[in-house]
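In the two assemblies presented below, chain A is common to both, partnered first by chain B and then by chain C.
Up next is the complex of A and B:
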């Protein structure tokens, strides 16, 4: 193995660029993952599952072999104020026999069983890869089951291979639209809204609900954090939709605008600035003067309480560098700004499913030389984290150990977080988490790790790596100049 | 067997379900469904579903086995999610970067065959990782569309592009079994591939001079592997672990991270397994056709020992005796001392152990091993449950229970919905198994020791030692301390509430909890 290993694989060159504001750069995104490069993405089914699963009083049946249900059982920290049914993982557990003879009978019986035992408000049936191949007619089964049981039984077309995670979001949006039905509500409830793209991780949707209700606005439903079937049905009478997770929910917002005449606004509740900005946007769009007054009081109180505490952390954090690799573009944009508020510069930013517009935003919001990656992988992350000298990585469970192995601190901005990161409270939590990781004394001990403690063979490898680095230190820039510009 | 009745389900509902099921299966011409349903009814509440699964799929086991091979990379032939989910599960458990590639099958690949995707994938991962070994695992999807990975891999090899790299196709359809079968099948496939490779023959004569033993160990933590290795080496022989995850999945921090682990069993070592004194397979519940030890015995005459996981004194004795027998050696002094220490600890703990009403769930081999430790220490085994299917699991456990004159619920091919119900019903005060049991812990507040895979809500699962004499004692101490805490927590309050003569004027005395 004398060959030098590749950092950026074939066909990935256009998904990597280094921000150069003088140039007209564009990144390639929204493409199928390149085979074999260890993409961090999941599948269509995953996309549908993460969006729909927080609907609390529905039964979510995964129609497929056991793995799909096993690996997604309660993977989000979504909270419910009502039913906990959504946390139960139902799987038709298709086995060899079912693959050969079809899984339809099993699915029909499974729906019957679930309806009798759990009395759910509705049933979602997620199709997995094999179901798409063996050709079970899930749609027909769902229709029959609806008539039989008198509840909504909604098929989710989420065969894993039929696109990317983003297509799964779309499949979920279709399921929600299916639930809402075609009829339009002519008279909308004044001063009311739906909050799209929050999943009530660690009570985040509740925090926002509290703000809105304090101001005097009516939040019909969150889609889908702590949503119920009834609340989703009532969503059609809202005056406005506000969209946070744009990647998953823009499609739904557009459809709702078209079908039910509900306009939508993009908002973000991550960071104090964004929170104030977003609340203002909402209040000015559906509120009265009275609402505006209450909004100003709320913000003044909260800001006076939280801002100084966040500022105190800023003094300990200023000058650090961060690398971001998250699922969607909205979160990355939020984070770039939130870190900037803490005096931390973003030196690398990437997403699994960001859109062209979002990548353009990254370019605007970040400085010269920031590395921008679409659908990246551990090899590229390792390389660019080292190259940019980032002190912090933000990512999911899979990225965490990589950061730690590289001696880099880490922020869990993912499904599994157990403390809220949104609103004023979340902004403080966020600053505390950044401080806890980047200023931990652990890194001082790690830094004292001396090469002469290593065994002989280890030091050999090390010197080799060093040499390799010397040979081609600007691997990144070469590639982007050649391939990154469209 | 005690019949499971869900306390909150009335009989009318039960009857309704039954009536409905009869109606649904009325048009089934064969007895097949009837039989399967009858079988399942015993082990699971739901007839047609797994509710909160207690098992994973075959590629998970395959990926784990390949992580214990030196300079090996894995590609999972299927849709992107399979590899990502497995990576996430393993990364959360081991707290190590888990790089596993996917052939990212798309709609096109699914319709016209995934050969092109897989070939591109292999090329990309070889370029990026420079592995010596590439394991190609299949999935539900790849198997259902009928991709012939043997042929695809042959075509890849024939290009000559990957000379010096061993690319090994391993069928692991997700629906074909649980992670356990996937794990053993992958080990078998690795052995079968490498023993046929001619290149290592000249090494063989030298290697045979230093005797060694093959060890196939399932459900072990990295620390367990290190511990068993140490025990075998006390006999003065080398232990060849297939696979060896000890350092690969519990790597020390260094200042030069290597994304391809140089730890694990090498391909040269894999090629020489046929020259071992014997193969000791720890975890003996998979069907014989999945057993790597039996494969080596049948094909190459390497003596096979299939033993339970060395958890608890009796199970560890099995391993030590087998080693002594294979090597024709006395049991090393050091091991006798450790055994003595374990006995001493068992005596210290025995009256406390007796208060344990235990449920164990998870992978079948692990459940069996822990059940041994539970029973021999005088705890009451209330439930032993696994999501896998295994005849031997039930048989072996039943005979073990007879030996201790105990009765316990034994469930195979079950799910956590059923496990939870049995735990409620049987008054379990301590349960042991992977983190998935956290639902029962959260909702019913049953004391819980996390053990097995996956443990994603605690740290250190990879360093936990429950095997060997030493590990068994650490584990027993942990169990005993849980039971002691239960006894001591609220002791004063409990005694007061139970025994203090009740009069209206009496006020509760200061309890240690209230004082805090």
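Up next is the complex of A and C:
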């Protein structure tokens, strides 16, 4: 990589690698971002907020100056089957006076006002940066408020500076455990489960709930998509936990195993293969023969209906290349497979908060020459998107305009997704979305208008990419054999 | 979703519900983007910077880049000095901007970092500039942050060269869209006014698609131009909340005479802006601008009956609201409620004076309030139209009232970056939007027998 030195800052060398199966490679991850870099990462508060916010009938109070509440007001995109309370923004809007004299009085008033007005089932209080510094005793206030109002008031320790987004996930898990309480349920409900790490974006959790109910299994709660306080409390009586978003929920699953004796399994409902494998895993773990039968019927029906339609899209997509830059590793792993099913090869994969194990998986799942990045920035993304010749970027809010400026199509697999992308239905939606963006005529318009006769320089860049291609051929690997996760 | 908004308005003491403002740093970041080759730097936790970039990206649909001091527990205990020093070093080394504009956050302000001192003790590479603004999130609002960063540009950059003859006019556009900044420049150019405008985000956050990503787009006011602002004859500051501080700073530091004016939104405010430029620079009204004005008046005559007497509730940022309230009154509409989340008693006085002059005894103006209050008041006293940013859509839907999107942020529609609301062209666009919103609503909801082809 001849240009590597100018594009990648010295301190980031270890967070970038080009997949070489002959070598024993490891990426540096789980590090703090260095001061002064343009990182795509967020903070502890952000992590806690995204995990807890979908709990529908709770009031979520952001304790701090207004910004943290403003930027997270109804951006989660998770749907509710009942209360819409979680989509309302509540905060204490701390002012100068409160910073000097403390924000406790305001917080107490805010809890009172919210409980009287909205009668929520519970209240979550998110501590932001300054609260961690001015020393408000949020815990004591929450305790008093519980006694006064007779509902759970749960502090979330999410001061932004106290770690990374991942620590925020953990803080959220602690809040959920706090809600569930220490007591164990000895007799578990047979054939029941909790679905951890789905946030019901665009109704995704409902699709999975529908499958499980068709099979005859009982889904106690989703954590936290469309979850209610009561459903979360009932979660302790489930026979098993299944974990999708491993980055945010593995901790909770482990704790629940330890505290309540509930074993857990990793599953993923993105893509038809993953969906079938995951359902099978669940059915074989908690179902009876009858359940297995129903599972087989369901899968046969769905597959017969959706697979040909997905295949039809494959013909329009085969040979395209994709760059992935997402929050956590589990999603990237799913996406690599899902794209491969559509004939699309992953040439770049990166995450904000992926773990060592996940990066190792990327190396296994992707071909030789695939660029692997941890906690990257726009400059690196631009460089590698161009170098790998990716046609599609998958990312979040901040990456979208970057892709567009480069004339590269884009898929939001984050809060802003508008169609469910999980299960059989989601696999089709996904194919449709990929087709809609990558095959849009707009990309030709971006590239064709050259009024000042730039053909010369264009041919130069072309030859460069050709060379780059020669140097690092990408192999297509058969994921059905190598990528088996289950 | 807000069908449940209950109860009569009662002042709350602790709780903000659905804010009508956000925090200072994001305004500072937006202002800083209006400097050529400037990288905004957020001195605080990583999340702040991430949120600001995300929000700005959603509004402008262009890549927004900024760096952060990435505070950790350690920084909170020992101060953020080493983070900022190391941060600046990295920023210049890796991203090579001409300028770094540092804004503080609630965290760095609360732990008491002296950003000025830290920068002073940092080796800034030759030919590069570092400016900073104190932007505590717990004071003012995003508008205050914008204003503070504009002021910082003057404080750290503008100079008066002694013995040199003053010339040209400074224009401070205020917290408006890139399209508006472009239109302000177009008007000044048509009037043959030699001017410096800062900040100028018009070719920074509304860049053309070329198939290439440019971390520092061509636009933005250069440091040289901001320096020269100290030698201008006068400063025309548009929007007192976002521009007045910088204009007064220029007066204090460089003796440049300040003129604080409304944002040139609506016909009267645009007239005043143009007259002020002509008064300061001499010359005559440009024929094409006069033509545009004539067209605007013509349309106002054509459609006045459609909006006359309609009740409108407005929310958003003070500078936009002051000009818009004047304009809707000029259109014969009744602004029953004008609300901002930003603090500032002058705002109340100014709007109240307009109400008084128009004989609007029932109308209300509020500061430091939120959208829950706005909704409660609309429920108590219904309106025909809401004018405000994207967050108004919940209320518009709940009350089945049309919404004209104006102000910041607009997260669900396009156009604001390209079509101005300032100037005569902008006024025409506002009328088009208001009329279309009212008539579309009528078409969708009227009785079959009232449904008409020609309106």
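Keep this in mind: the second predicted complex is superposed on the first by the 445 of 486 C-alpha atoms of A that agree within 3 Å, B and C clash if a C-alpha of one lies under 4 Å from a C-alpha of the other, contacts with A are read in each partner's own complex, and residues count from 1 in each chain.
Simple rule for what comes next: contacts are C-beta pairs under 8 Å (C-beta built on N, C-alpha and C of every residue); 3 or more make two chains touch, one makes a residue touch a chain.
Keep in mind it's a predicted model, so treat the numbers as computed, not measured.
Engineer: With the two structures laid over each other on chain A, which partner does A:65 touch: chain B (first), chain C (second), both, or neither?
Structural biologist: The answer is both, since A:65 touches chain B and chain C.
Engineer: State whether A:117 touches chain B only (first), chain C only (second), both chains, or neither.
Structural biologist: Touch partners of A:117: chain B and chain C.
Engineer: Name the contact category of A:92: first (chain B only), second (chain C only), both, or neither.
Structural biologist: Both partners.
Engineer: Under the stated touch criterion, which partner chain does A:234 make contact with: chain B (first), chain C (second), both, or neither?
Structural biologist: Touch status of A:234: no partner.
Engineer: Intersection of chain A residues contacting chain B with those contacting chain C?
Structural biologist: Looking at chain A, the two contact sets intersect at 9, 32-46, 61, 64-73, 87-96, 98-99, 105-106, 108-110, 112-114, 117, 128-130, 132-134, 160-164, 378-379, 382, 396-398, 400-402, 404-407, 446.
Engineer: What residues of chain C sit close enough to touch chain A in their complex?
Structural biologist: Residues 1-2, 4, 6-7, 12-19, 21-23, 25-26, 39, 41, 44-55, 57-58, 60-73, 75-76, 82-84, 86-91, 93-95, 105-107, 110-111, 136-139, 141, 207, 209-215, 341, 372, 391 of chain C touch chain A in their complex.
Engineer: In their complex, what parts of chain B are in touch with chain A?
Structural biologist: Spelled out, the residues of chain B in touch with chain A are 9, 13, 16-17, 20-21, 24-25, 46-53, 55-57, 59-60, 75, 78-89, 91-92, 94-107, 109-110, 117-118, 120-125, 127-130, 132, 139-141, 144-145, 164, 173-176, 178, 251, 253-259, 387, 417, 436, 439.
Engineer: Chain C touches which residues of chain A in the complex?
Structural biologist: For this pair, the touching residues of chain A are 9, 11, 32-46, 61, 64-73, 84, 87-96, 98-99, 105-114, 117, 128-130, 132-134, 160-165, 378-379, 382, 396-398, 400-402, 404-407, 446-447.
Engineer: Using the touch rule from the top, collect the residues of chain A that touch chain B in their complex.
Structural biologist: Interface residues on chain A, with respect to chain B: 1, 3, 5-7, 9-10, 32-46, 61, 64-74, 87-96, 98-99, 105-106, 108-110, 112-114, 116-117, 128-130, 132-134, 160-164, 377-379, 382, 396-398, 400-402, 404-407, 446, 449, 451, 454, 458, 461-462, 465.
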